[in-house]
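Next up, some structures in structure tokens.
Look for subunit A in each of the two complexes below; its partner is subunit B in the first and subunit C in the second.
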Partner chain A sequence: MTYYLLRRLNLLIFTLLVLCLASFYLAFLFPGDELTNLSGVRFSTESERLQSFEYYQFDQGAFLQFIRYLELLWQGEWGISFASNEPLLQEISTFLPASIELSAYALILSLLIGIPLGFIAGLNHNKLTDYTIFSVSLLGYSVPVFWLALLFIIVFALQLGWFPISGRLSLLYDIPHQTGFIILDILRSDLADKGEAIKDAMLHMLLPTLSISIVTSTIILRITRRSVIEVMSQEYIKAAYTRGLNHSQVIFRHGIRNAILPIMPQLALQFTTLLTNAMIVETIFSWPGIGNWLIQAIYQGDYPAIRAGMLAVAGLVVIFTVSIDIMHKLIDPKRLNRQRVKI
Partner chain B sequence: MPLLDIKNLTLEIETANGWVKALDKINLSMEANEVRALVGESGSGKSLVVKSIVGAINEGWQLTADRMNWRGQDLLGLNQSKRRNVVKDEIAVIFQNPVSSLDPTASLGEQLEETIPDFLIGRGWFWQRRQRRKQLVTRQLQKVGIKNHDLCLKSFPHQIPDDICQKFMIAMALVSEPKLLIADDPTRGMETTTKGQILKLLARLNQTKGLSILFVSHDLLAISSMAQTMTVLYCGQTVEAGRLKKLRKRPLHPYTKALLDSAPSFSKDLLPKSDLSALPGTIPTLQHLPTGCRLGPRCPRAQKECVKIPSMRRIHEHHYSCHFPLHRPIR
Partner chain C sequence: MLKSSLYQEEQYPSPMSQTWQEFKKSHVAFVGLCALIFFIVVILVGPFVTPYSPVEQNTDALLIPPAWAPNGGISYMLGTDALGRDVLTRVIYGSRVTFGISIFLVLMAMLVGVFIGAFAGMNRGVRSSFLNHLLDSTMAIPTLLIAIIIVAILGPGLVNSMWAITLALIPQFIHYTRDFVRAEMEKEYVIAARLDGASSMHIFIHSILPNMIEMLVVQGTLALSIAILDISALGFLSLGVQAPVAELGAMLSEGLDVAYIAPWSIAAPGAAIFLVIVSVNIVGDGLRSALRNRLRH
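Then we have the complex of A and B:
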């Protein structure tokens, strides 16, 4: 187990290193001055530039430059944004939680929809229920996210007026920024009517969450269904039946655990798709998240922001994937599986 | 009244080449307190017979029979789940591959405890029932000769050696105190001493508790020490059935003779370094089954008539299906 943990951490560290290298290299690829792209400062005098030149150790070789860059990243000096002249790390820590919040709710919602439906379809394999769920899931799978989000806005926000069109919270509420997670911030604020504020935040959240989670939940449904069908045809399920267990006992004691365990890493992989979709949806709903921020940065040619945003998002995905891997290993009873000699 | 009475059991499996009869008119009957051996080489459908009896066959396979009774009750009209309900506490099965018939994510203790039927635990508060369950489980493991039972109960199936796993399956099958035990190759992969223990345990249960055993194996030596009757299968067809002693002394079907001859421990007058007798060829696959008597292409006594399925003939309790049995000279 220790060996496994070490290997995973090794993978994590090296992937992050490669990401850092890529983001460092981006500063040279983008048009304009490398030093400006790296620091985000537009130099007006030559002495300013020289100061920066030394600060980033540009007088030394490429390897030492990179080491210096890593050092600065570690210290939290990610440079400043062209657009707002704010430190990038601070900007990211304002916008990233909003994206994480949206993705987390969408992931939870997709799991809540996808897994039970997948189980129902898998257990009724080759029956009408299965065919119905599967065909409907194909529909959900093939709908483009941005189109769905626009459709939601047109129908539910504009025509029916049930939900707000865009944003994260009504302008009536002034919530100080603390954690970046809106619900937490509301709860920690000294607002008079917290209930109303939370309700408003939920209403804002619903349409974006729904439009992201429809695609993800159909993917999860398909993965679950396949796994359930496979597990239910296993020898030990039949053996459990012959030992006198009834249908629900077999499913709850042997079916669910065996079906869920192998698909956990696959579900974690869906987080990447989900985050990408979340970025698209953020732009459509003007959700103040990292996706929206990154796209603004691209429009404005804000190179330091693109570099830092890419690093933050990719780092998040890598850390999430590795931690799911480790968690899966921890709860899987087969983890102690050592190869035995077969006679 | 026989305990289990099966007549003309046919199991059809759909393959790429259409429907194939994996089992063709199998006859099998078990009296109370009887130990019957079901023998045949690998691929002769022994395990399929076992699975058909307990209803563990895949969905979509066609199971038909003229008669399939359990203690006088017809099992054929029932669907799989109802059939299992009827037989769940009275028929126990030891499946062929112990590791794959145990849930890999549940501990062995958990799986053994859930097998205990309610009537063995009795009434009481939940902690009393739990204690009783623990006692039963421990006693059961001691019976089959698992010494380190606490460790075994805590382990997962992949953590214990294959022969312990096999013993555990036997313990699991015996825990509900069944009337009929169907043991599909229960001593596979065991060393000789352990095998002896298990066979002794089964024989004792047969004598003291009146347990009937359908012993499926190709280990003729193990079988001959405990079985009274024997059914020989070849390629999904019943070849010969009868008292084991009679069958050994005077087999009527060429296949039975070949099978007995192929076991060196059965022919005591075998000279050192002499050739072992064996039938030419191998058992045909499901896609290439010969018509008529399926032994036909390999049979030393095959004639033109063998392309028709021979009907079951009978001499006293000795059944055989062959056009040219060994006691009749060939024209």
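Then we have the complex of A and C:
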């Protein structure tokens, strides 16, 4: 176990180092001055440039430059953005929680929809229920998320007017930024009418959450269904029936646990798919998240922001993946390696 | 020819034709295949049947509704967009770009992935262990995220987004090829070939590759639906194909400005993407269950 943990941590550190190296190297690949790309400062005088030349230790060799870059990353000095002239780490810490919040709610929603439906389909394998659920899931699995979001806006926001079109909260409310998670921020603020504000935030959140969770819940449904079908055809299930257990006893004592356990990390890993889809949907709903921010940075050629945003998103995904791996190993130590699931 | 053939037919069906028999049994899968063939025909003959050019602007016919609407006309079947371009023509040309490029990208990624995967599967030791670890971490990252990051680095544009998606698709082909090759290398027929003195290259091409084709087709359909989604998503974000070129995702983002008065300008390209992906996924699912059934018999 310790050996496994060490190997995983080793992999994590190695991958993060590679990411940092890539982001450092990016500053040289992007057009323009590499010092400007690293710091985000456009130098007007030669002495300013010389100062930052020494600050980033560019007079040293490439390896020492990279060490200095890591040191600055660790201290939280990620440079400043061309577009807003704000420190990048601060910008990212404002925008990233909004994306994580959206993806987390969508993940919970997809698990709530996907797992029960997957069980119903898997237990009724080769029956009408299974075929219906499976066919509908195929449609949900194939729909492009940005088109779905647009349809939702046209139908529910424009035609019916049930939900707001864009944004995260009505402009009536002025919530100070604390954690970046809107519900937490509302609860911690000294607003008179917290209930109304939360309701407003929920209404804003519903359409984006729904449009990204439909795709993911169908993936979860299919993974669960395949796992249930495989577990229910095992010998020990037949053995349980021969011992005289009835249908629901078999399912609850033997079926659910054995079906859910192996696919748990895969279900959790859908978070990364969600995060990607959230990045696209954010641009449609003008949600102030990391995807919207990163894509604006790409349009504007804001190289320091692209570098930092890439590092933040990729780092988050890698850390998340490795921690899911470790957690799964803790829950189910018998399993040696992560296996690819079938859908 | 053996005299005492137990099998009644003249020819013993090959594994490939057995899969085809299983595949044909499912009507849904067969309809999906027909739809897929229809789309392929459309992208091949599309330019010969469309009456308009995809970039031809007609200022007399702005935002005309589709033919079935009260004030629509038969000359523009799916209506026109904000610049007076025929939506049907643009959808056909857009499918050419989106679907055609996706097929090309998947083939490229498959070629590179199989090459590297075979190399990793046949070798053991540090080189392949390093590759394994690197792959396991990249497999978990969604391809679109990798593609967005690569486009962010290379800059927006069609060629850059093609590079990005190909690079993002390669890891999964490497992964599946490596696992498959590693499993086959243990089997007797490969050991027999090896004892006969066959080189690794010879074993791979003559013994393993023919067995791998079906797996590659199934993985290819999966990758194809991912590639279509990714390329249209990049087009939608204006990171891929640039403005005048008709591409389904880019058409969606152009239609966004007039979505309220002209919903058909976003309904048509979106529905085209959706239908193509549905048919690809149906065929993929059908193939997968056909393979599963064949192996069970």
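Note that the second predicted complex is superposed on the first by the 331 of 343 C-alpha atoms of A that agree within 3 Å, B and C clash if a C-alpha of one lies under 4 Å from a C-alpha of the other, contacts with A are read in each partner's own complex, and residues count from 1 in each chain.
Definition applied: contacts are C-beta pairs under 8 Å (C-beta built on N, C-alpha and C of every residue); 3 or more make two chains touch, one makes a residue touch a chain.
Bear in mind that the values here come from a model prediction, so they are computed numbers and not experimental data.
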Greater subunit A contact set [subunit C / subunit B]: C
Partner chain in contact with A:Leu73 - subunit B first, subunit C second, else both or neither: neither
Which superposed partner A:Asn258 touches (first subunit B, second subunit C, both, neither): first
Which superposed partner A:Leu123 touches (first subunit B, second subunit C, both, neither): neither
Which superposed partner A:Ala27 touches (first subunit B, second subunit C, both, neither): neither
Common interface residues of subunit A - those touching subunit B in one complex and subunit C in the other: 340
Of subunit A, residues touching subunit C in the complex: 11, 14-15, 26, 29-30, 135, 138-139, 141-147, 150-151, 153-154, 158, 269, 272-273, 275-277, 279-280, 283, 294-295, 297-299, 306, 309-310, 313-314, 317-318, 321-322, 338, 340
Complex contact set, residues of subunit A against subunit B: 233-236, 238-247, 249, 253-254, 257-258, 261, 332-334, 336-337, 340, 342-343
Residue numbers on subunit B that touch subunit A, as the complex places them: 51, 54-56, 58, 81, 84, 88-89, 92-93, 95, 97, 100-107, 110, 114-115, 117, 156, 158-159, 161-162, 172, 176, 189
Of all residues in subunit C, those that touch subunit A in their complex: 28, 133, 136-137, 140-142, 144-145, 148-149, 151-153, 156, 175, 225, 229, 232-233, 236-239, 249, 252, 256, 259-260, 263, 266-267, 270, 273-274, 277-278, 280-282, 285
